[in-house]
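Step one of this worksheet: look at the structure below.
In order of appearance the chains are A, B, C, D and E, and numbering begins at 1 in each one.
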Amino acid sequence: MTSVVDKAAPAKRPAMPGTARILGFAALALALGVAMPWLVSSKLTLSLTTQAIVDALLATSVGFLVLQNGRVSFGQAAFFGLGGYAFGVLVARQLVAPELALLLALALPTLVAFLLGLVFARIAGVAHAMLTLAVGQAFYEIAFRWRELAKGDDGMSFDLPPRIFGFASSSLQDPAVMVVVAWSALVLALAGLALFVNSRIGQIAAAVRDNEERARFIGHDTAIPPAVVYAIAAFLAALAGVLQATYNGYIAPQMFHWSLSGTALIMAVVGGAQFIVGPAIGAVCFFFLKDFAGRFAEFWPAIVGTVLVAVTLLMPQGMVGLAFRLWAARRSKP
Amino acid sequence: MAIQLLNGVVYGGLLYLLAVGLVLIFGLREVVNFAHGALFMLGSYVGYTLAASGQWWLGLLVSVVFMAAVGCVLDALVFRSLRKHDHIVTVLITFGLLLILETVVTVTWGKAYLSYPVPKLLAGTVEIAGSPFPIYRLFIIAVSLLVAAGLAAWLRFTRMGLYVRAASTNAHVTSIQGIDVDRLSLVVVGLGTALAGLSGVVAGPLLTLSPTMGNYILIDSFIVVVIGGLGSFGGAFIAALLIGQIHNLGAIYLPWAATMLPFLLMIGILIWRPTGFAGSRT
Amino acid sequence: MSASIAIQGLGVERRYGGFRALKGVDIAVKRGEIRGLIGPNGAGKSTLIDVLSGRVRGQPGKVLLDGKDISALKPQERRRLGLARSFQRTNIFPALSVEQQLRIASWAVTDAGIEEVMAELNLTALARTPAAEISYGDQRRLDLALALVGRPSVLLLDEPAAGLTVEESHGLATILRDLANRWNVTVLLVEHDMQVVFSICDGITVLHLGQTLAEGGVAEIRADKRVVTAYLGTEA
Amino acid sequence: ADPLKIGVATDLSGTYASLGDEVMRATRFAIDEANAAGGVDGRKVEFKSYDTEAKPDLARRQVEKLVMEGYPVVTGMIASGEGLAIAPLMERWGSIYISVVNKADELTGANCAKRVFRVNTQSAMDAATVKPWLKERKEKKWAVVAIDIAWGRGSATLFSEAVKSTGKEMVAELFPPANTNDFAPYIEQIKKAGAEGVWVVLAGRDAINFAQQSKQFGLTDAITVAGVSFTTDGTVKTLGDAAKGVFGIINYSSTLDTPENNSFVKAWTEKYKVPPTNFEGEAYLGYQVLFQAVKDAKSVKTDDIAKALPGKTYDTIMGKLVMRAEDRQLLKPNYFGVVEMVNGELRPVVKTTVSAADVAPAVACKVN
Amino acid sequence: MSLLSFHDVHALYGQARILNGVSFDIGAGERVALVGRNGVGKTTVVNTLCGVTRIERGHVAIRGKAMRDLQRYTAAQNGISVVLQGRGIITNLTVEENLLLGAATGRRGPWSLASVKQLFPILEERKASLGLALSGGQQQMLAIGRALMANPDLLILDEPSEGLAPVIVDELAELLVRLGNDGMGILLIEQSVGLIRRVAERFYVLSKGAVAASGPLADIGAEEFQQHIAI
């Protein structure tokens, strides 16, 4: 079969900017974040923004898996939940120092994802989506049923330790502080991903995504690079989970639920999953769309649904995809 | 034990009716239809009004016809324009549809739970292995077997069936042979949606009607589709029966793991054969 | 076993269900030799290349590279030992640009420069185009280029000239001859373009129904009655 | 004077949307009624509602929004997890939570928090209602079918204890997961165990699925079926015949024959054409309590309301009830009944009343 | 009357213009070759006919009638069969089912399952195998057989000799000449000069997305023809 006519050509990806530019953008964005609490006075807006950024991190995690491995996951919430639970349980029981709890909460999901990635990378398409959904639901069931761990289906509220890394941790539940922390995490994550995509292992992962068999025949091991991508994606999801658990002082099994993974996927695709920043932008827009639609009480699903259908029909490449196309079209004109 | 196995077949049969619609739609349009559960729900509600007023069979007919029309509209207006895009893009659309349908049903029929009557013809029980068994459940088994046999015959022995199978593998090449794949998929998506309507009414007397009812059975149907091997009708049939049994026997013998068993089974099968029982696609 | 044999298959069998695609084939190609592998459609040529390159397992059968048994090695390990192949059905990275995929290929070997390969196969102008958007013939050359990166010591080529223009087939023949002469590269060449085969091959193996039908020099094979009726026709 | 602003965070589109609907109706009724009477203590009452989809994390987000938008008196959540998720935040946010549906004992027990109040019946109170009824029954062998969440597990344990303490036997304990479609395997097991009665701890969708399917299998006609949250007004209406003769705990019933209740039911029926359901009654109870507290406090400041609420006696549709100061649980009577034909309609009808003192749970709350 | 003609066709892949005013025509019983270097747009001509690429300017006419809305099925339904480059075998169907698919338009004529299998005996031998189990050359035979099953008036072959053994190419050449003599139009897109010279009467050379040269083959020497292609 000719690959040329079978399917529409894969979306053109923009050339990734070089290291210096990535770092420049990141520095600028960080500065902007620090200024945010002074620019925005409403606590409500700051709090909503914080939560939107957490969603953006999770969506970035899902989107990165699509971008770099070509795999759709319906189970990324598993790592979100794992991060949140590991941190919440360790802190609530005071089993280890809070700094170590943070470290473990990020390391554990990353490691689990790496191991799973070694196996899951072989499976593609819808089967992969269902497989990840299954794994995510397994974690959900455990959190839901295991009452001794964190009160099962009721979820568990917990108090933060008085200090973490020497800072008063109660400030982490103040939106004006948390918004800066979350924003910085997001910016660093995006910059890190951009650097990864440019790296050797990132490019090999892209080759494996495109054609695993041929990647082997040009001499590359095809198990490790995709697994690294899984691990990175899980790290971001766990980071989001830890941030959420910290900010809320609360963990619940819903953090693992597949519908959260599904929402994150929607956010990523709405924004444009073939771009690194697409999912984050999609997440923020989707978050505020849903928030806005919430005013219409039980009719919010119809509003969100209609917007989703309309947006998808109008910009199937996602928001960033459309912007990129418009920009490219303007540049190509003399 | 005989009864337990029979119960497994009942639930498996219901899952098959839903899963086969998913398979049809996925095959031709490569659409992972998250709205399928909502279509099942809509079909159930459409038949409800008539069924509740004693016209059960008419309700069934109306629902099937109505849902077939809904499927055709969906295909022509939405799926057709998205055929050039990636699977995940269409997932968004179907998810949006799901949200819209739920609201439409809420507005039309309200949020209160509704329950279906059993048609008079099929009320009551028969003795099986010394204990009463609802006749209606036997009817469900019969319907799913009939649908399975009918579909298999259609796909295997008719020209159109051949075209459907061809287009499900490679729509481009099929259309180059002079086959209007858009028209074909109108039929196929219509059929798949009509089956969602059929299963909605058939499942009605067992399940509570609520705008979210489709969500609780959709995942099981997806598991069936994936285990069976994407795009495989025979595979879906076997997988549905298997999942039906697992549900029943799991609830009895391994209650603490019952909800996990279908997932575990799927993980095992996919690791063993990444394309499922009978599939060659992913 | 002579040390100068670069790639060797011993008693290679391969079954698909009940069908025996290869029925115990022995083949040995000397270092620096270009060996033509020809035979009717369905004779088992691609299957033999698949076994030698590790795409499928021989059942039974042994594969030796420079006298070393590599039957148990994975394709990527074989490639890193210098055994590269191209594919009959184009097998490239559709979303990556021509240059990017060649660069990625170069990392697995000894960071060889890729400009030379691109220039020799007329791909330089397409360097930045995604592979899905270049023509079929260009894709065929890209497939070949992926095998040539880093100058492997043994090349298994499955119909590399198919889809190429006459000129480019000539060019390809020259490149292969050059590789064999100057760098001592060993080539096993499956090809239906007899002008290419006859012009560059040192020897030819003819496969028929999964077995070796004949083996010998170009002139010898061209004159072989059985080969002419089963395969060559007017090309003889 | 400043208006009284109430935030209603409830399930409008999730699993318990139909319960959320009942909460919303009671909200509109109570607030319209108050405003028609010139407001509470001369203050207008306003409300705003958001959808929680019965998800705790979303509930937390929506409540935060309500509070920040100026609706600090919060009520309406359905799932216990939702209540438990927001309870500890009330103090930080300077708001008040009045539970009208959450059943989990911890909310006003082990996990009780400042500024959290409950007017509805908690699980322990339901359990205390079972024993007197069970004593009178002649069935010796009991089975229990309970949803596999904290509420179901807890209620099942309390029921088993009650069965054993009344000298009867438990023959099966089954825990189907939430949102089970096919109850056939559970029904078969109840039959096989030879139970003479089955105690059902299922709500909403699960309750209806179970009732419907066990009727089809002939179980409902063969053995005694009873339950908690099983025969609510809502489920009985949906089930029709399949619910006939089923016993159950009733937390509130519009058939309670007291002057206060009769006038409430009359006004309600005039407005909505149907009598109020149990959830609607309990939700209305919440507003009665709140409005009286605001009157006493002469303020809509949450600090003042929170001070005014506990330890007082309230005039309600269920009589004079005390908001216990220690755990801020409203002490109320509980009922046991059966589904019967009343005025040509199937309804749960109260058969036994257990007094507020008899069902009052032990105080387990430490915060004060 | 011409069966198929392109009139100054400009066509686009997305934004990229690939055809820059292509004009040619083929009549009944004519055997015409379309040649050119890799990537000049030969396959794009076929894709344009099949509605894959968008026409920006100019038009395509079938039997003199300008086709406004070209769909993938239009050509086949108008008696034009295409052997796709890369074969386009449906891997999940058996050999026989693939053949039946070719007969979807229901046109009658000399070609049927029996006569195609007689032409390529291997297709009878492997009739129950799945398409994916065939070797490259066997797939090519299947693709040609499938196109014949439609009993077309015009047969378009995009590099049909690719992967075929020389003996089979000989047979193919004879077959195409015979078909042409029986009145079928043949549009042969090829790289193999040998096959072109044995089959075609006329040729068009494509270069930079337009026809750069054309004429009868008999008038032109092998050397000169080579040079034409190489421009």
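By definition in this document, a contact is a pair of C-beta atoms (placed from the backbone, for glycine too) under 8 Å apart; a residue touches a chain by one contact, two chains touch by 3 or more.
Keep in mind the model is a prediction, meaning the values are calculated, not measured.
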Best-connected chain pair, where connection means C-beta pairs in contact: A-B
Far-end chain from subunit B, centres as C-alpha averages: C
Computed distance of Cα centres, subunit E from subunit A, in Å: 49
Subunit C and subunit D, separation of their C-alpha mean positions in angstrom: 76
Distance from the mean Cα position of subunit E to that of subunit B, given in whole angstrom: 42
Subunit A, residues touching no fewer than two other chains: 1-2, 4-5, 9, 145, 298, 301
Shared interface positions of subunit B, touching two or more other chains: 102, 106, 111, 170, 172-173, 259
Of all residues in subunit E, the ones touching two or more other chains: 13, 43, 52, 84-86, 88-89
Residue numbers on subunit C that touch subunit A, as the complex places them: 53, 55, 74-76, 79-80, 84-85, 87, 90-96, 100-101, 103-105, 107-109, 130, 132-133, 135-136, 139, 146, 149
Footprint of subunit B on subunit A - complex, ascending: 1, 5-8, 66, 72, 119, 122-131, 133-135, 137-138, 141, 145, 258, 262, 265-266, 269-270, 273, 298-299, 301-302, 304-309, 311-313, 316
Subunit D - residues contacting subunit A, complex: 12-13, 17, 49-51, 55-57, 60-62, 64-65, 68-69, 80-81, 84-85, 87-89, 92, 104, 106, 111, 148-150, 153
Residue ranges of subunit B in contact with subunit D within the complex: 3-4, 7, 10-11, 102, 106, 110-115, 118, 125, 131-134, 136-137, 205-208, 210-213, 216-217, 220, 247-249, 251-252, 255, 258-259
Complex contact set, residues of subunit E against subunit C: 13, 16, 37-41, 43, 85-86, 122, 133-138, 140-141, 159, 161-170, 191-193, 226, 229-230
